[in-house]
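Common to both upcoming complexes is chain A, partnered first by chain B, then by chain C.
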Partner chain A sequence: MPAKTSRLTLFGFLAPAVIALAVIGVGPLLYAFYTSLHFFNLTKLKKIRFLGFDNYSSVLTDPVFWEAMGRTFTMLIIALPLQIFIGLGIALILNRPGLGFWRVLTRLSLVLPMATTYAVVGLLGQVMFNLKFGVVNQLIGFIGIGPVNWIGDPTNAFTVIVFWDVWQWTPFVALVLLAGLTTVPGEVEEAAELETKNWWTILRYVQLPFLIPGLVAVLILRTADTLKLFDMVFTLTRGGPGSATELISLMIQRVGFRAFDQGVASAQAIILLIITIILAQIYIKVFYKEV
Partner chain B sequence: MAAAISTKRSIGIQIALMLTIILFAVFPFYWMVTTSLKTQVLALESPPVWVFTPTLSNYVSVLFDDGVFRTLVNSLIVAVSTTILAIALGLPAAYALARIEFRGKKDLWFWFITNRMISPIVLALPFFLIVRQLGMLDNLITLILIYLTFNLPIVIWICTDQFRAIPYELDEAASLEGASHWRIFRSICLPLAMPGVAVSAIFSFIFSWNELMFALVLTRTKAKTAPAMAVSFMEGYNLPYGKIMATSTLIVIPVLIFALIASKQLVRGLTMGAVK
Partner chain C sequence: MKFRTCVSGLALMAGLSTGAAVASEWTLEKAAEPYAGTVVDVVFLLRPGYEAAEAMLPEFEAKTGIKVNIVKSPYENALGQQVRDFVANGDFDIALIDLVWIGNFVENEWVVPVSKFTSNPDLADPALDMDDFFPLVLDAFGGWDGEIYGLPFDNYSGLLFYNERMLKDAGFDGPPKTWTELKDVYGPALTKDGKYAFALQSKRNETQSADSFARVLWPFGGSFLDENFRSNLLSEQSQAGLKFRQDLMQYMPEGIVSYDHAETVNAFAQGDVAMITEWSAFYATLTDPETSSIVDDLKIAPEPMGPAGRKPALGGFSLAVASQADENEQAAAWLFIQWVTSKANAKEYLDRGGVPARQSVYELPGVAEEFAFVPALVESWQDGVPEFRPRFAEWPEITEIVQEWGTKIMLGEVSTEEGAKILGERMEAVLEEAGYYSGDKPLAQ
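Entry: the complex of A and B
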């Protein structure tokens, strides 16, 4: 322990960050709570009035809210297993020895999707999946599949946003799992390889324990990020057709900024926040129990 | 002999698989860039053309006629300022979290990190109302401040880690000499933590540069950032795909360069708060 720490010193170190986050992070949250207790429509600002928890009860009984919530989790439940499955495959390929140049090249190319601006991913989606001049329809045309109306059809549009989520985040999962694989001690792996040539046995009994922390991280972060997902879907489909791809963040944005109902939107946002916190707590309880 | 052939074959399969991965990751970028080099007529060709004479006309017209240049400058100002601010505010806090024992440290740490989990829409709503009241809509300063909500946690996370990695003996030696925490922070830990500072700066820059929702909600014309600009091309029936892809390319190139520079630490940074 270096020099005895006075309260003042500690305050000096922590205060700038704490005060900044309190002002820009917590302050607005409190204001959102205030708004959520009112009738607050941007087009009828003269009629602001206190409603108590009325906005909350109407959100909680609103099927549109729960449908958007359901869509968000459907997206997670479809995309996450795909990301883990393909990501694990990529990690196993990259974890094999030899072919140094190719492995470096693959790793570098994997870095690109996850750094790409989400909004640009959505725009790219519009261009590539376009019904008439999209390259995707051209490519599947070569194997005899007729042009598909990707963005105009509800189910297809949902498939397209899942596709881009998988494109963008599978590399992340792959690199996280690869980092896990490299923590397997060399001797342990070699000993196991002398015992069996079956890669599945090695994966299940030797490598899996080292992958668990990475998988937990992926689960937590993908859940949080799917609840946050906005940019890519907004630029790709604006939540449509109809409400087929309207995830929770898009729905709140629509209610708040396109229907101008800030009161209801704030109530929805606060409920989303509570759900996020509960999920985070559950994850922490389940996965970090011993800690 | 048979073994040699099978190794050769397995190497072949391995290379083929890696090529598939690379192709899959890179193809959208290839398509983005080639579309940006097509005239509007060519971009709307059905089926799409693969071989054509490239033109830079989309770049010229978005940069100089449509004002994308200005939005890129806005994005740059916002991303650089918020990064500097996040580092200035976050570094001392990271030092305290790494080096000073105090009560409530765990809770404070947890609070910093959970900011990453909160959906930006939760903050966008009240921020819009507050900023409107203050007359600060369409103002770069507003964006610079609100981006701190995700940049501060990332700086604190990466730099705390970095400070912890510095040998404690250095601090002890200095404190035996009578150095205060401020002095240890400035003269010993800070110079050694520079790699972490650089990585967190790159992250902060990438996140700010890529951000769309706050920019969409909080800016109109003057302070519009490049991603918000790209979205505003999406109105009407005859979408200018070449222009949209040219703008997209201009937005994406800087982040890709930064991501490649920080590629080793990218995963570590993105798993913030979820691994210890």
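Entry: the complex of A and C
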């Protein structure tokens, strides 16, 4: 029977992580909540005053905030299913036996988009989707399509950021789902294949239960990532043209660091945090079941 | 009485001769002696004027022993970077102030008036000659509420850059004199075969506010605010300017709302656009064969006139001593600012790609011939509007609104009237909160 571990030892092991979390995560969060209750503009620090929940009510009744939120969720609703659909397809292909060297090569190449910094992806987009010099217009020119104004047109610009997000994060989804597929016991799969040749039946009743934990993780992580997506869009379009690509994170940054209104920006960020937590809870309750 | 007059005269002469002796004795090396080894931190932008100053820096450091630590930043980050530093009582000893930031920096007491140093004979170069700065530029870039805080350093006026060959090929002997002529005569003639008559940089950042929106307000008699600080954007004149911009867009490249300075200058430099209105600072880029294919065809004129006159775009930066610096750092910072903006260094600064605000340098023989932009620049600085963009502390908030709704107007998402109405309401809300309407703040811009 193992000896009882003292409380001090437990605390000693836990303390560094707890303290780090408190300093890096909880402290700033509490401070953000504090600023969200105040008029707190960096260029008007002499005028700081307590406002109660005024910042929250002005954010919740601000159509610009909800437009940005709508844009963010539109992006999520378009990009996430695409990532899951394409990612699942890639995972299923890579899970087939007999690919050998190609499987290794594909897995390696799948890591590349994820390893590219968000900001660099945006800057690459600026060059590749340039109306006059961009390689994308050059490529579509080969099949007889005239140059498309990718970044200067509101609808096209939104399409470009969705495309870039799908390009960068589909590999992540593919790798997570591939990991899930490798946990399906071989004998179960073989037994199912003896029962039916229908791949959909096998996917639905044999493989999918093993993919659910990975899918929930993907849903939570990708939702959180999309809600806080900033770098790529900022470097690519800076939220424009007009407000066409101003996602919620860009709006918060604009209010907090370009108009310097930290109070309103903090209120916006906390509302976003609450929405993210609610969504994560819904995902877990609706989708997650222990296999 | 005679005796007193005589004594007074002698005293005056003695005073003058003492002053002259001090003046003749003042040297940068001597003034900097107590501050050798001091490090001053300053933000520099990634633009030709800053590269010019950086190239001159070794001379200053060798003479003074003062180290100037440059933190390079793109324009869009420069304000945020400095605000965070000043709020946190950080490292910057010199403030780089865009003319629209001056009210903000002064109200927050982040900068020190130059009088603190000009009144100190140990630090003030007798050859400083404040009157040599273009008055409009000194007032707009470095002045606030009757006090001078910064010395003009990186100075711009909007100019009309045009491709002489393209204009000649289309049958024009010279550039358009008015905006209407540019649109109605030059526009149709020069927009053909994948080339465009004009490009107006309009990206959704300060470019939209300063280079695009404000540029069409003033020449048509419009303005952001009326004399009571209420929105003037729905006035007949402001609307005329905004509608003019909408009409002019047919002669600009597609996607002009995503064009920043780089795209606009590049389109012109590659011969795709016949005319642009850009800052004088881009002269160096357009005359460099490595970045421009139209060097031999480049001509420069003042911006076209509108019904209300020329009123060209005015922009630029001053350098001011930061109040958060300690006394030694302040003194060292002042010596650098005074040196880099001095009359004596203006020609070298100009030669290296900068645009000084010293009147005397543009009067030197050969300068107007060597630098083609000089006559237009000097003319523009006689006819500029200091409040081209309001310079009060609320501009960072207001420019965000202008950028958003200015772009929406250009994209046709809202009409000029609808856009101006919403923009005006939001602008007034910011000014109301600031206390301009309650009388808490003077109506200064």
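Note that the second predicted complex is superposed on the first by the 278 of 291 C-alpha atoms of A that agree within 3 Å, B and C clash if a C-alpha of one lies under 4 Å from a C-alpha of the other, contacts with A are read in each partner's own complex, and residues count from 1 in each chain.
Note that contacts are C-beta pairs under 8 Å (C-beta built on N, C-alpha and C of every residue); 3 or more make two chains touch, one makes a residue touch a chain.
Everything numeric here is computed off the predicted structure, so don't read it as measured data.
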{"item": "Which superposed partner A:132 touches (first chain B, second chain C, both, neither)", "value": "both"}
{"item": "Touched chain A residues, chain B compared with chain C", "value": "B"}
{"item": "First, second, both or neither for A:257, with chain B first and chain C second", "value": "both"}
{"item": "Touched partner set for A:123, first chain B, second chain C, both or neither", "value": "first"}
{"item": "Partner chain in contact with A:210 - chain B first, chain C second, else both or neither", "value": "neither"}
{"item": "Common interface positions of chain A, toward chain B and toward chain C", "value": "132, 257"}
{"item": "Chain C contact footprint on chain A (complex, rising order)", "value": "42-45, 131-132, 149, 151-154, 157, 237-243, 254, 257-261"}
{"item": "Chain C residues touching chain A - in the complex, by the definition given at the top", "value": "79-80, 83-84, 87, 104, 107-108, 203-205, 253-259, 267, 272, 393, 396-397, 400, 404, 407-408, 411, 413"}
{"item": "Partner chain A, residues of chain B touching it in the complex", "value": "11, 14-15, 17-18, 21-22, 24-26, 28-29, 31-32, 35, 43-48, 88-90, 92-93, 95-96, 99-102, 108, 111-112, 114-130, 145-146, 148-149, 152, 156, 171-172, 174-175, 178-182, 184-185, 206, 209-213, 216-217, 227, 230-231, 234, 239, 241, 244-245, 248, 251-252, 255-256, 258-260, 263, 266-267, 270-271, 274-276"}
{"item": "Footprint of chain B on chain A - complex, ascending", "value": "1-3, 5, 9-10, 12-14, 16-18, 20-21, 24-25, 27-29, 31-32, 35, 90, 93-94, 96, 98-99, 102-103, 105-121, 123-124, 126-128, 132-135, 137-138, 141, 167, 171-172, 175-176, 179, 213-214, 216-217, 220-221, 224, 227-228, 230-231, 234-235, 248-249, 252-253, 256-257, 262, 265-266, 269-270, 272-273, 276-277, 280, 291"}
